[in-house]
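Please find one structure pasted underneath; my questions will follow.
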Amino acid sequence: MKPALHAIDANAPPLPYYAPAGHECALFELAWKRRVPLLVKGPTGCGKTRFVAHMAAKLGLPLFTVSCHDDLTAADLTGRYLLKGGETVWVDGPLTRAVRQGGICYLDEVVEARKDVAVVLHPLADDRRVLPLERTGEQLIAPPHFMLVVSYNPGYQSLLKALKPSTRQRFAAIEFGFLPHAQEVAVVAAESGLVPERVAPLVTLAARLRHLKGHDLEEGVSTRLLVYCASLIAEGLPLRDAVLAAMIEPLTDDADVKAALIEVAQAVIG
Amino acid sequence: MKPALHAIDANAPPLPYYAPAGHECALFELAWKRRVPLLVKGPTGCGKTRFVAHMAAKLGLPLFTVSCHDDLTAADLTGRYLLKGGETVWVDGPLTRAVRQGGICYLDEVVEARKDVAVVLHPLADDRRVLPLERTGEQLIAPPHFMLVVSYNPGYQSLLKALKPSTRQRFAAIEFGFLPHAQEVAVVAAESGLVPERVAPLVTLAARLRHLKGHDLEEGVSTRLLVYCASLIAEGLPLRDAVLAAMIEPLTDDADVKAALIEVAQAVIG
Amino acid sequence: MKPALHAIDANAPPLPYYAPAGHECALFELAWKRRVPLLVKGPTGCGKTRFVAHMAAKLGLPLFTVSCHDDLTAADLTGRYLLKGGETVWVDGPLTRAVRQGGICYLDEVVEARKDVAVVLHPLADDRRVLPLERTGEQLIAPPHFMLVVSYNPGYQSLLKALKPSTRQRFAAIEFGFLPHAQEVAVVAAESGLVPERVAPLVTLAARLRHLKGHDLEEGVSTRLLVYCASLIAEGLPLRDAVLAAMIEPLTDDADVKAALIEVAQAVIG
Amino acid sequence: MKPALHAIDANAPPLPYYAPAGHECALFELAWKRRVPLLVKGPTGCGKTRFVAHMAAKLGLPLFTVSCHDDLTAADLTGRYLLKGGETVWVDGPLTRAVRQGGICYLDEVVEARKDVAVVLHPLADDRRVLPLERTGEQLIAPPHFMLVVSYNPGYQSLLKALKPSTRQRFAAIEFGFLPHAQEVAVVAAESGLVPERVAPLVTLAARLRHLKGHDLEEGVSTRLLVYCASLIAEGLPLRDAVLAAMIEPLTDDADVKAALIEVAQAVIG
Amino acid sequence: MKPALHAIDANAPPLPYYAPAGHECALFELAWKRRVPLLVKGPTGCGKTRFVAHMAAKLGLPLFTVSCHDDLTAADLTGRYLLKGGETVWVDGPLTRAVRQGGICYLDEVVEARKDVAVVLHPLADDRRVLPLERTGEQLIAPPHFMLVVSYNPGYQSLLKALKPSTRQRFAAIEFGFLPHAQEVAVVAAESGLVPERVAPLVTLAARLRHLKGHDLEEGVSTRLLVYCASLIAEGLPLRDAVLAAMIEPLTDDADVKAALIEVAQAVIG
Amino acid sequence: MKPALHAIDANAPPLPYYAPAGHECALFELAWKRRVPLLVKGPTGCGKTRFVAHMAAKLGLPLFTVSCHDDLTAADLTGRYLLKGGETVWVDGPLTRAVRQGGICYLDEVVEARKDVAVVLHPLADDRRVLPLERTGEQLIAPPHFMLVVSYNPGYQSLLKALKPSTRQRFAAIEFGFLPHAQEVAVVAAESGLVPERVAPLVTLAARLRHLKGHDLEEGVSTRLLVYCASLIAEGLPLRDAVLAAMIEPLTDDADVKAALIEVAQAVIG
């Protein structure tokens, strides 16, 4: 799925801007049509979240986004009883709202969530398409225009934090990487307002820093950091200060690694 | 229990579609008659859940399904007190509802549940057939048409997550595997709408990938993923894209393993 | 305590059926008379629970059974405050009810319970015979016809899950094993409805499988599984299918061990 | 503190029966007079609890006993807010009641309690003699006739479960052992109703078994188990059955150790 | 970012006093203008918190400071339901208040907080600038004058306590160190009221002690401790006593290390 | 800070009796004047708590003492919402009361408290002198006569339980040791009523036992235990019994160590 450059969809002004890198839009749309849940994999800041927002807008579907974390439980997704006027009243969670209304429910970084979350997804992510709410006794049937999308970053999956096969095998999957050079220059220039000629060396530097991933760095520079860097330069911050603040300091706290990155930066941007 | 092909029960249109692979339907029915609880073992996506749904419909019994997870406690099964109008009111859990009404209570992936769950099942799963509700002081006697069914996937039982002998020995047990080639082709074709000739090589590829289980893969391709793959092809996605998205990406995040699987796929489907 | 066969108590029709294997009935009765708490040890499914039910009925005492588990706390035994009509109302737990009414309080698998449970038992299980309810400020004195009985299976006591000497030394103790051949044949035939001649080879097979315990198996076949097996055969299931489902599948998930057990079964039952 | 035999205090019929083994009664009384808190150490079932009950009665003081356990928190001792009639009402715990009323507060097995308990005791166990109730804002001053007594069994103190020096150094301490032979025979005979000649060999056997402690046994036979054994014999249970049930089965689950203990028993009691 | 001395902004009397050490003020202001979240790194007591207070005042923005700790959860930041008059009423947390009102939300020592906090920050710290309140169903859009600033001390980041790349890469970052000698003398003299000539040797001593960091000391002397020391001297405490109490005792409990530090101190201050 | 003997402040009868060992009173007073928070270090029972009580009385300030423990949370210090008459009402904790009223807030054994406590102290223990109450939305400014004092025993600081540099560096610090011989004899004689000639050998013995610390003993004999011992002797307990009960049994449970200590005692006191 690291394919040739797509023509950017010209007539979609109200859509969140998204530059496709391959057939991911077609796959998303077909999966939605056949009610196949989708798993989106890829590194930090490569555009997974924006891709999902783009597709939701393109298909005209409401989007329910949940950022998953260590303490996210099934009840945070499905709902819980709250006290109102001396009564316990059931209040739907975002997953339940998405199933009732239809639309895309997007669980970002799903491996971070607690284990019970995965199991809530099981009957919703197979042919039953059902969300059992044990506490209210309801069995919600997902409407045809409901779609479940989850994402995670395989880069820091640990043994403790991995999707079980019984969960993974409920999703078709797609892997995202960073954009090719020319496309990333275009995106960063568009978002930061810096001219492409001044963006290009930053993207070249990013490529160099991404190659260091796994050696000294946990993760390479994201497209987002490139946009920050270019924005600060466009605003008048000296090039070196901007690169230090937006492309080096966010990557490491280690003095030796930092010195090495600064050297790489000087070699590329002077 | 990996027997010859059964004739599919012709006069059962309202039943969830189920293609028996052996004497499992007879065993289920006799166990139900003699009030012997049943344990269903087998890999992800091989049809355990659908088998139980099929048998419940065939025997005309209501089905109470509970997907077990790490945080599922006995109280989630039996019930709890909730505040209503300033009173604490007891609300039955799904197991209690099943015992009061009769029918099949199916605990999917029972080893995932917390340990106290197993013990709630003990007096219900021996000759006493009783569900003690300590919090309400009730001792519910299961009616004759109540049956307890549990399932799990022995493939990823760890030492920490295993049924204790005192629980296992309360159940007759049955092991499920994947369907034989011809039968799996028929099922995938029926569910996806893709013609059997185009399904056959996918099933052949699945068999190849299942042999890799334990070496590079935690679990082989499920019948469910085959249905996803065939559905996306039927909808127009190119064969290779569909195989990548539905039969390879869901199995692994490792770049080397993925490359190896793609090679296997190319050898089989060209 | 693995003594000669007793004559079965002929004039006790309303009693839960129980075939004594030694002097356990006498010991129970004397302990009850002298107010000595009793600890019953033995493997899964050998009849500990039924023995206690039998003795309670014989002595004309109400029986309060609590299946212990990892999350069972002292409060689950003694009671807790619940909200009723805006008031917090104290609700007795099963141990408190047993102490107030008199009778036998039977804690099954007591080592499974949380540590604080053992300590609640201490003042009740020595000469003080007192149950302090700290939350209500009561000090309940156990009536003369109150008796505390606990059980556990020494087979899977771990270091983490063991009775502390300060708890053990509050009980006289008795160890149970499986019944001798002829007696077990009689029990299984009576419970399953299968003729003794057809039960005998199953009991022979069970003895063979019990010898494998500790080698390949965590625990041997219980009398309960023998009853399941004989019941399924009595209902018409082929012998081999019944043995597989009720005497082999419940013991192991390991393919090699299962093959070995099937071989043993074929050697014994043909 | 393992001193010569005391004459038993003749004129104390309403007192819980207690046979002093040394100067422990004098020490207790002087400590009470000088408001020095007391720590009582010793093995299971050697009479620590009865000693404290005896002294409380002798000094005419109410006794508040708390059996400590893993989940006992400071709030269980001091008190907590409960909902009553829609209000949160403060309810004193046993320690607070003892401080308000005066008398002896006895914390049995204090090392079992949670760590916060020790700290609640600190200001009460030094010259401040104050119990701060942070939740109510009270600072209770202990009256002159309040005394704090704690006990534990040094035999199974682990590194995790030990009194910190800052706690220990707030108490004068005394160590208890088992009674000398003649005195233990007298106590067991008095409590069980069995004649001393038949008790004596049981006490001899107990001494033999206590010597095995640390080798095969976690703890030797307590005086309490001797009383159980003698009681069952007095009631008519055969000698061997009583010794097995009350002096051997409670000590071990290990078949080899049990066989060895039975051999020791046969050598002593025939 | 360890640059030349800035002229201190003369016409800012109502500002919290802050002596910039480089271009940090410019970077902060540009980041604020371009809505780039900021991460401030640096050792204990080097002025991170005062820097943020200074910038908030300079930009005329309200400042919401949250000191993070091990038990700080997302709900502590976003808000929670409380019971008021029998109703559950939503009460905003400090992050939610900052987003509603606009201004700077400063999370001090953010790595200390629980993991779910980081994820609450994610949608707020990228181009979405949104704070989803799942419990109320709101999606708050941050106003243009909202800025998120976080800080931590890289000196004691452990493996367990580190920002994940997916969090770090949402921030431009800046590293703080201690002030150069002359500037630190000026700050300590101004804050303590001690004349610069008497402050200078203390700053010299601090530099010596900071070099020991990583060898015998976890962290060197902070500017704050220098101010304490100078204040106590200004108040009349003998020099040696003040240095012991404010520059040595706070650094170590180890007798040998303390003796070594005293020797260093004597060499510098006599 | 182990200085020459001070003359005892003659005209301070209402003060808690305190014999200063150095300049600690002057340091405390100057720190209070300059609003520098104070950290008091020292072994069990050496008089830290009494020192703080003494200084609070001398300066005429109310004293708020909190004994810290493993379960003490920030909310225990700052306050929490309680239900009153159907409303949740905020109730101040001791730290909040001290900040509102002014006076000394003394956190005894602060390292025992949970980590979130340290962070609540941070903004209060630097120049901000502010206590943020996130739950009520208040920012309390400490009045000039508020002072924060914390103590701990460096003797059993573990790696898990240590003050972080970011906390330590907010305090000036002082270390306490035991009193010199003559001064300790005077204190013990005054508190116990035993004549100094009979106290002197006990203090000599204590010095011997304190030298064993770190070898066989976790901590030496505290002044408090000496007072207990002398009190029991004054009351008539034989010398050897008193030494055993108050100076040996509280130090160890190990039979060998105890025998060694008894030998040391016999050598010193005969």
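Order of writing sets the chain letters: A, B, C, D, E and F. Residues in each chain are counted from 1.
Just so it is clear, a residue touches a chain if its C-beta (ideal position, glycine included) is under 8 Å from a C-beta of that chain, and two chains touch if they have at least 3 such contacts.
Chains and their UniProt names: A, B, C, D, E, F = CbbQ/NirQ/NorQ/GpvN family protein.
The model shown is predicted, which means the values in this text are computed figures rather than measured ones.
Q: Under the document's definition of touching, what chains do chain A and chain F have as common neighbours?
A: Of all the chains present, those in contact with both chain A and chain F are E.
Q: If we define chain centres by averaging CA atoms, which chain lands farthest from chain D? Would you check?
A: A
Q: Rounded to the nearest 5 degrees, what is the angle of the rotation that puts chain C onto chain E, matching CA atoms?
A: Superposing chain C on chain E takes a rotation of 180 degrees, nearest 5.
Q: Using C-alpha centroids, which chain lies at the maximum separation from chain E?
A: Using the mean of the C-alpha atoms as each chain's centre, the farthest one from chain E is C.
Q: Mind checking the centre-to-centre distance between chain B and chain D? Centres are C-alpha means, answer in whole Å.
A: 53
Q: Taking each chain's centre as the mean position of its Cα atoms, how many Å separate chain A from chain E?
A: Result: the chain centres lie 31 Å from each other.
Q: Two or more other chains touching the same residue: where does that happen in chain B?
A: In chain B, 83, 86 touch at least two other chains.
Q: Beginning at chain A, go round the ring through chain E first and name each chain as you reach it.
A: If we begin at chain A and move next to chain E, the sequence is A, E, F, D, C, B.
Q: In their shared complex, at which residues does chain B touch chain C?
A: 1, 23, 26-27, 30-31, 33-34, 36, 39, 41, 73-74, 81, 83, 86-88, 114-116, 118-120, 122-123, 126-128, 132, 134-135, 137, 154, 157, 164-166, 168-175
Q: Within the complex, which stretch of chain B touches chain A?
A: 44-45, 49, 65-72, 76, 82-86, 91, 93-94, 97, 108-109, 112, 153, 155-156, 191, 218-219, 221-222, 224-225, 227-229, 231-232, 234-237, 241, 244-246, 249-251, 253
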